[in-house]
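Dropping the structures in below, format is structure tokens.
Each of the next two complexes has chain A plus one other chain: chain B in the first, chain C in the second.
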Partner chain A sequence: MGGSGSRLSKELLAEYQDLTFLTKQEILFSVHVVLAPHLVDNEQQARSGNEHTGKPIAENTDSSPLSTRAHRRFCELLPQEQRSVEQSLLAQVPFEQILSLPELKANPFKERICRVFSTSPTRDSLSFEDFLDLLSVFSDTATPDIKSHYAFRIFDFDDDGTLNREDLSRLVNCLTGEGEDTRLSASEMKQLIDNILEESDIDRDGTINLSEFQHVISRSPDFASSFKIVL
Partner chain B sequence: MAQPLAFILDVPETPGDQGQEPSPYDESEVHDSFHQLIQEQSQWAAQEGLELQQREQEATGSGQQTLRRPEGTQSTATLRILASMPSRTIGRSRGAIISQYYSRTVQLRRRSSRPLLGDFVLSARPSLRLYDLELDPTAREEEEKQSLLVKELQSLAVAQRDHMLRGMPLSLAEKRSLREKSRTPRGKWRGQQGSGGVCSCCGRLRYACVLALHSLGLALLSGLQALTPWRYALKRIGGQFGSSVLSYFLFLKTLLAFNALLQLLLVACIVGPQVAFPPALPGPAPICTGLELLTGAGCFTHTVMFYGHYSNATLNQPCGSPLDGSQCTPRAGGLPYNMPLAYLYTVGAGFFITCITLVYSMAHSFGESYRVGSTSGVHAITVFCSWDYKVTQKRASRLQQDNIRTRLKELLAEWQLRQSPRSVCGRLRQAAALGLAWLLCLGTALGCAVAIHVFSEFLIQSPEAAGQEAALLVLPLVVGLLNLGAPYLCVAAHGNIIWNLILKLAILGTLCYHWLGRRVAVLQDQCWEDFVGQELYRFLVMDFVLMLLDTLFGELVWRIISEKKLKRRRKPEFDIARNVLELIYGQTLTCAPFPLGFLLSPQTSLLANCQAPRRPWLASHMSTIFLTLLCFPAFLGAAIFLCYAVWQVKPSKHLCPFRNLTAMYGPQGVGRIPGGRRPQVSWLPWVHLRGGGGGGPCCCEQRSARTWLPSQSPFDEGEDKIFLINKLHSIYERKEREERSRVGTTEETAAPPTLLTDERDD
Partner chain C sequence: MSHQVKGLKEEAQGGMKGRARSGSPRTGDRLGRRSSSKRAVKAEATPGRLGAQRSQKARTGDSPSPGSPRRKQTGRRRHGEELGEQEQSKAERTCQGRRKRDERASFKEQTAAPKKEKEIPRKEKLKRQKKPRSSSLASSAFGGESLSEEELARILEQVEEKKKLIATMRSKPWPMAKKLTELREAQEFVEKYEGALGKGKGKRLYAYQMLMAKKWVKFKRDFDNFKTQCIPWEMKIKDIESHFGSSVASYFIFLRWMYGVNLVLFGLIFGLVIIPEVLMGMPYGSIPRKTVPRAEEEKAMDFSVLWDFEGYIKYSALFYGYYNNQRTIGWLRYRLPMAYFMVGVSVFGYSLMIVIRSMASNTQGSTGEGESDNFTFSFKMFTSWDYLIGNSETADNKYASITTSFKESIVDEQESNKEENIHLTRFLRVLANFLIICCLCGSGYLIYFVVKRSQQFSKMQNVSWYERNEVEIVMSLLGMFCPPLFETIALLENYHPRTGLKWQLGRIFALFLGNLYTFLLALMDDVHLKLANEETIKNITHWTLFNYYNSSGWNESVPRPPLHPADVPRGSCWETAVGIEFMRLTVSDMLVTYITILLGDFLRACFVRFMNYCWCWDLEAGFPSYAEFDISGNVLGLIFNQGMIWMGSFYAPGLVGINVLRLLTSMYFQCWAVMSSNVPHERVFKASRSNNFYMGLLLLVLFLSLLPVAYTIMSLPPSFDCGPFSGKNRMYDVLQETIENDFPTFLGKIFAFLANPGLIIPAILLMFLAIYYLNSVSKSLSRANAQLRKKIQALREVEKSHKSVKGKATARDSGDTPKNSSKNATQLQLTKEETTPPSASQSQATDKKAQGPGTSNSASWTALPASGHLPISRPPGVKPDSGHAPSQTHLWRSASGKSAQRPPH
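For the complex of A and B:
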């Protein structure tokens, strides 16, 4: 990592640490990437070589495994001229580049995740703070409450505040695979959705709202450990 | 309803509604109680559609209400009202989130002080109370809600406030603004206090100390995190194989850390002093051939590896009282060190620490991983909770999708089976088949144990085998091969953790009988403790060698066969159950730190040759199961074995710390101190028993499985909801029909009065 200190101001760093579940090391990602452009070229070469294995670049150049991950990964997605700290905080990265991150590439919910965390008016790009929010919710120390809240929003494909039959059917298709031979048959899908609603729709209105969803999630001890993205 | 209740429905008006007669849900028209509204509607409903409703209810066969029409075909006005319901807005709108967290903050603040009775809104229904709808008729804007939340946050302590903010599902920018707003009065307060000299100095000093401690803590944490070199390896395993296999490796890591700790204790208290004061050897040292690495005998016998080497006297004793013929070679300024006592106490302390740690972590893990009601609702839980977000590779992701699809189909098939009533004969047949399969598998396990017993008896009795050193390797080889091959014999039990456990227990039980029961009797002229230690060493080494061979060649060969012969490109699955049991078996044999080879071998085999298991292994349940297996059969068995050896078996006459005593422990044993004083060591075994026995229930009481009970019963709420939705729908249907009839009447002004009468009768 070298002796370079963080270019993110201390106050900003402390604020991010207080408001998210991330540690300092996970936030300060890119310091020597921003300060040392010659390492950027090496990383780009390394990245093209390691694309298919998805090996994170951090392990090549960074001796302290947890330092400055988030900012580094974010800065990698920006074009060269926007990699100064001030600009990186304001820049909006389009979805295609976020979806190319190795941690999200193989996830069937990646578009929904990006859409849920985006605060831009057109909801098609992520800023650095949105990215931090994403990492915070998916981190180790986030509470199951906030994880279940965001999981609900991710599964709510039509953004109407409840999971109706259409949402559930799209969710099951994401889980089983979108291909024709991997989907469940229509009768199996109908039966499955009926069973799900029977089990979780407590007030019998045909949809699952947030409280009912959180009630189901609380019965599964594995949810918090599986709803994690490790950077 | 006893009291009138003003209830505001915050529904945006549509352009179509303006200019018409006020609809029933307008503010001025809303009656003070629902009672009147429902009375009106129920009169109309009684005239019109009551028979229809009753017929529908009979058709569904339940007394519950159903929605008269599915949501998609309801009128847009109804849909708009439904969209504004609190249960739906909480999932998507920021204002609703803010008001929910406002009420939570209020509850948090009120929890510290006893709430006044007058604060409770007795007439509000529980679901409304949760959303903190005031009786004040003015509707709240989002800014008002935010200012309320800010006010509440200001009254909390800083740490609580940060904790609250961190847990809110809002974006970072909004959290920052809330934090800024709730911070201002503190600055003002500090400004006002600026004049008070000493107070502000103390305050500033305390604040500076807190900041320094905070940053020190963060620096320590970052330092600790930097010391974890295995983080990337674990991430790769999790990304490729999922959480279930990852949990096996986390278990491995925990075992390693624990073993390192115990090793430190042993080295410090036993090995170190013995190495510093080596005893005189009885005869010339044997020459080292290569076979010692496998047998543990030969030139390894008189080293610190084995128990027989340790002195039975007090080391470094002052020359005043010569005892047991030990040599008098004190070092200047040295302290006397009674080796047998040290041995007993160190091993005892190690066992005690292990016991407490195991019981505590088992209870903790149990509390974390088992929830009440987790067996019901499998469909919903599988669909909502089964996707593992750690998986980062495309192939692993596809495999996970296949697994989930298979699991869902299995669940549906099981559900179908449960729906169709099965005859008693069918159930009996199924139970009989299951019983037979289990009998066969148990028979296999017992057969293995009997085979080992017969073979060991043969070894004891055959004279030619007793002389050769290489012959000592035969029993470990046989046992190792049985361990490896038996799971393949009983194919139905492949992957079955219980069967593997029974097999291992049977084998270990037979071996313990063989050592303590038979070998002690046979070996009169040798140190039997040394022999048992060497046997354990041989078993470990043989197990390790066979596992390496299996890893390198067995799985590789299997993969080649399956790819070429069976034309399948699937790798064999990583059998978590068997690997965990191998680990625990190895740990039990040593009761001490065991070689790293056990750790590296599974990982290399995994990454090269295996794929993730098909059956869903719940990661959190698994860590509980591993800990339970480590605690109950393994640790308890080893403890019982050692206790029996210490109390009942006569120590041998030669070269051992407890030689020439009737028992290792007890009034004739180590409890005797020269001079006849009886030390207070009799509490030692009772501490062990109490610690193990008492700690378990104690921890389990504290960490009972968590339950989640809703704060109010929502079942009646559902009925109310459907009732209201149906009433709303009938109101709008009525409105539309009146609208149409009014249009019809204005068009046909010359219509005969009979028609009007007909309309009005509706």
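For the complex of A and C:
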């Protein structure tokens, strides 16, 4: 890690470690993912080429060396762009590249996640720091509070600060997938949302706000263990 | 208090934090507060002290979780008055104060202007506006003046506070850019004023301390990094996690944990028993117990013999019988029998401690379980997605399972068309349980039968390989075929997979336990038989030696060379026999597991994969398909294997080493197998807290395996001619011996006194009393919990009615009136609910929407004389500066505040 450690200045790395729940290795690895996305893309295509439906995932076992390989190739690439690394930390990576990460690929909330963490004015790309934020929130050691806070923002599809019926129905659709056979019917949907509001909407205003959401989430036995993404 | 209340408190904090990020009151407060306090740093003479402290308090309340804005407002107002006082005293300060108030006013305008929009950029802007100003104020306040003690103290406090901010920054839901600037500002502040702290001789010391603290932080961070790097198989497990979800990964995490525990046990046994014996003990062949008997000598090196742990292996340091009963060995005078005993005890002690500790740490994070049925739908909705899933196939399965669970719970909720099937379901469940009990009894009897038969075989001479290994084979086969049988039977029951998993685990547990205990009982019979024979063998040995040395026809003057150790007749050494049984069982268990994986998973996968091209139906989707990873079976296999290790390690110190190897290989092997030949579960479900369930099972097994070992140590006499305790009446006599010979006499007296039943019985009684007391306390606490929950529900009802009333009221009059009515409502609630701390302005920030009326509302609060009475209405238990209100009132508070202030839709 020494070679790439010098790319990211020591002070910045220390600050990132202070500000996120990530370890040094994780931060450096995410540098690779963001700054050398095409490498990951290549890996990814190589992997997805192997994979067709119904087949077990035997061929994917080689994904663990991904980091080391990406790292090595990243280091090979470095001399040309040595000076620009600091600037490229500020570069914006478009959503498509983030969304094609294998860890996010299957996630129904991937667009929402990117949107919530994006700080660019148009909300269509992630900077490296945004990406670090994302990983930090989804890391193992993040507090349940911050996890539930971001979960709320992810579920809040229209960004209005509360979960209303519209948000909830979109959430249900995300959870049940795109397939026709797994969709819920309109009456089922209504019933479901009614039940959820009955349980969680403490002040009976027809929406779930952040504190109500966190109230519910804090009681969940397994939220913190499943609200995780690891690279 | 118990979990629920803790949860509520956490939630309260969460609410606070949520409030913290919502815009204007906070920034306003901070600006005002900061500027005032900064100013106070410079300007404060004695009269300002009190106010400064107050502002300090307000800030400390704020930075991790902001306290009530209203209180701060009053604080600020008072501070304003102080400023007034100071104005009279010093002229230069007046202009400053005025300027500041101007600033504040202008700031209020700023906050008022963009109040409607509640997007982050606005906050950003405010923060950015605020920052240079406050820092400039701070710097101007400090510019080149000498500092008094109080100021120093204050700066110290501020620095501490900044440090706290730095430490908690990571758990703030801010974007990184903002966190970075905040962090840099805070660090700059700390750097700047750290140097200013401490004068004269204290200064250098202080600087040194700071330096050391920094170094320490850096070291800790590096160490943490190092630690995470040292966790083995992290990538493997994460890979599996992303393909199969967290439930399969939980098995591997458990396996890894088990490996760690076994490594420690291995270190203990290897380092304290085996190595000293090998290095310093008498060498092989010196005494009978360390020599292969003459009759076995020629076959002792055959592989088939070694494979059964007979021959040379039986007479090696791997087994109990090899150890000598010499009190001390080598030039170190190492007390081996004592060490052997203590290691045997500490293996159990360490295992108990580590299991209980990890159970406790698992439970700490979780909240009360009784709560969960209140939120079934919400949990399904908000927490059912497993974000670790990175495989599209698993994701599809997950979609399907979520949909099913939604539909199921809707159906459950409606409670229709379930009624007609209930009798059938009940019948099927009873039938399934009946079948399974039959299976269990059958397997228990089979094992008993086989073990009895093996005792007959052991008396006969030339028995075949199968007859010799019948017990192990039968046990392994049972372990292999019964779980799938149970699973098939469990299909009848139609449980939810998570419940089904629990049942399945319970059944396999019963099976294994039954098998193990039958095995133990049969083994115990064998041991008793051997013990009964021991006396005759002892006599034979004695007489052989006697005859050998006293036989006639030997020159009396020359002492006879000692009898060769291989020729000395010896006892059967039941301890080694038990050790060998466990060793064999472990090895055969391992082999069966691997063969099952190879045949059942890998070959099946290969067959399905390659024969699919030339088969008449779709093998992948149809009948054989790919195997799923059997979590319950694997976990229980692991747990029982560990139980055998615990039981056997006292009689076969080498067993733990074998187990470490086994775990290591099975980690790699199973990782490979699961990735290559298993498919994700059709109904993916999360691990939830089954980790603790595993731990509970492990604890039970540990206890159960402790029992037979303790029994043999306490009540069976050790063999007379093998092992470290030979010649003693009981194994634990070694303790007494050590105490008598090696410790000073008064210690021996103390021990004797401690072992006195007159002391032990009261101690046990005391423990029972303590258990009773703690039990009743926890019961009463849970009752209190239930009552609080009821109260919350009741308040919810009240709130509902309030809401409806208010809705009608607001329907009548529109426009500005909601604000007034809401204020009335809050006041009304305040007076009615005494335990509720003053809530209106505390909760005003719960909702961003409430900001508009909120600020003006709180402003009017401070302007009103009523603000004076508010602290009075505060209950005495609540500290005025505590950010968290009593937890049970929080719901009510946030609810009331919100309903009061939000304009109804």
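Quick notes on this structure:
Just so it is clear, the second predicted complex is superposed on the first by the 171 of 231 C-alpha atoms of A that agree within 3 Å, B and C clash if a C-alpha of one lies under 4 Å from a C-alpha of the other, contacts with A are read in each partner's own complex, and residues count from 1 in each chain.
Following the convention adopted for this analysis, a residue touches a chain if its C-beta (ideal position, glycine included) is under 8 Å from a C-beta of that chain, and two chains touch if they have at least 3 such contacts.
Because the structure is a prediction, the values reported are computed rather than measured.
Of the two partner chains, chain B and chain C are each touched by A:A106.
When the two complexes are overlaid on their common chain A, residue A:S200 makes contact with chain B and with chain C alike.
In the superposition on chain A, contact is made by A:L19 with both chain B and chain C.
Of the two partner chains placed by superposition, only chain B is touched by A:D156; chain C is not.
Common to the chain B and chain C interfaces on chain A are residues 15, 17-21, 23-25, 54, 56, 64, 67, 102-103, 105-109, 119, 129-130, 132-133, 138, 143, 145-146, 149-151, 155, 161, 168, 171-172, 175-177, 182, 184, 188, 191-192, 195-196, 199-200, 202-206, 209-211, 213, 215-223, 225-230. Looking at the complex, you find that chain B touches chain A at residues 64, 67, 70-71, 83, 87-93, 162, 165-169, 171-173, 175-176, 179, 218, 221-222, 225-226, 228-229, 231-232, 235, 238-239, 243, 368-374, 376-381, 383-394, 396-398, 401-402, 404-405, 408-409, 412, 415, 618-621, 708, 710, 714-715, 717-719, 721-722, 725. Chain A contributes residues 15-21, 23-25, 54, 56, 59, 64-67, 102-103, 105-109, 119, 129-130, 132-133, 137-138, 143, 145-146, 149-153, 155-156, 159-162, 164, 168, 171-172, 175-177, 182, 184, 188, 191-192, 195-196, 199-200, 202-207, 209-211, 213, 215-223, 225-230 to its touches with chain B in the complex. Only residues 7, 10-11, 13-15, 17-18, 118, 166, 169-173, 175-177, 179-180, 183-184, 218, 221, 224-225, 228-229, 235-236, 238-239, 241-243, 246, 365-369, 371-372, 374-379, 381-396, 399-400, 402-403, 406-407, 409-410, 413-414, 605, 609, 620-621, 626, 672, 675-679, 686-689, 796, 799-800, 803, 846-849, 891, 894-895, 898-899, 902, 904-905 of chain C touch chain A when the two sit together in their complex. Within the complex formed with chain C, the residues of chain A that make contact are 14-15, 17-21, 23-25, 53-58, 60-61, 63-64, 67, 102-109, 117, 119, 129-130, 132-133, 136, 138, 142-146, 148-151, 155, 161, 168, 171-172, 175-177, 179, 182-184, 188, 191-192, 195-196, 198-200, 202-206, 209-211, 213-230.
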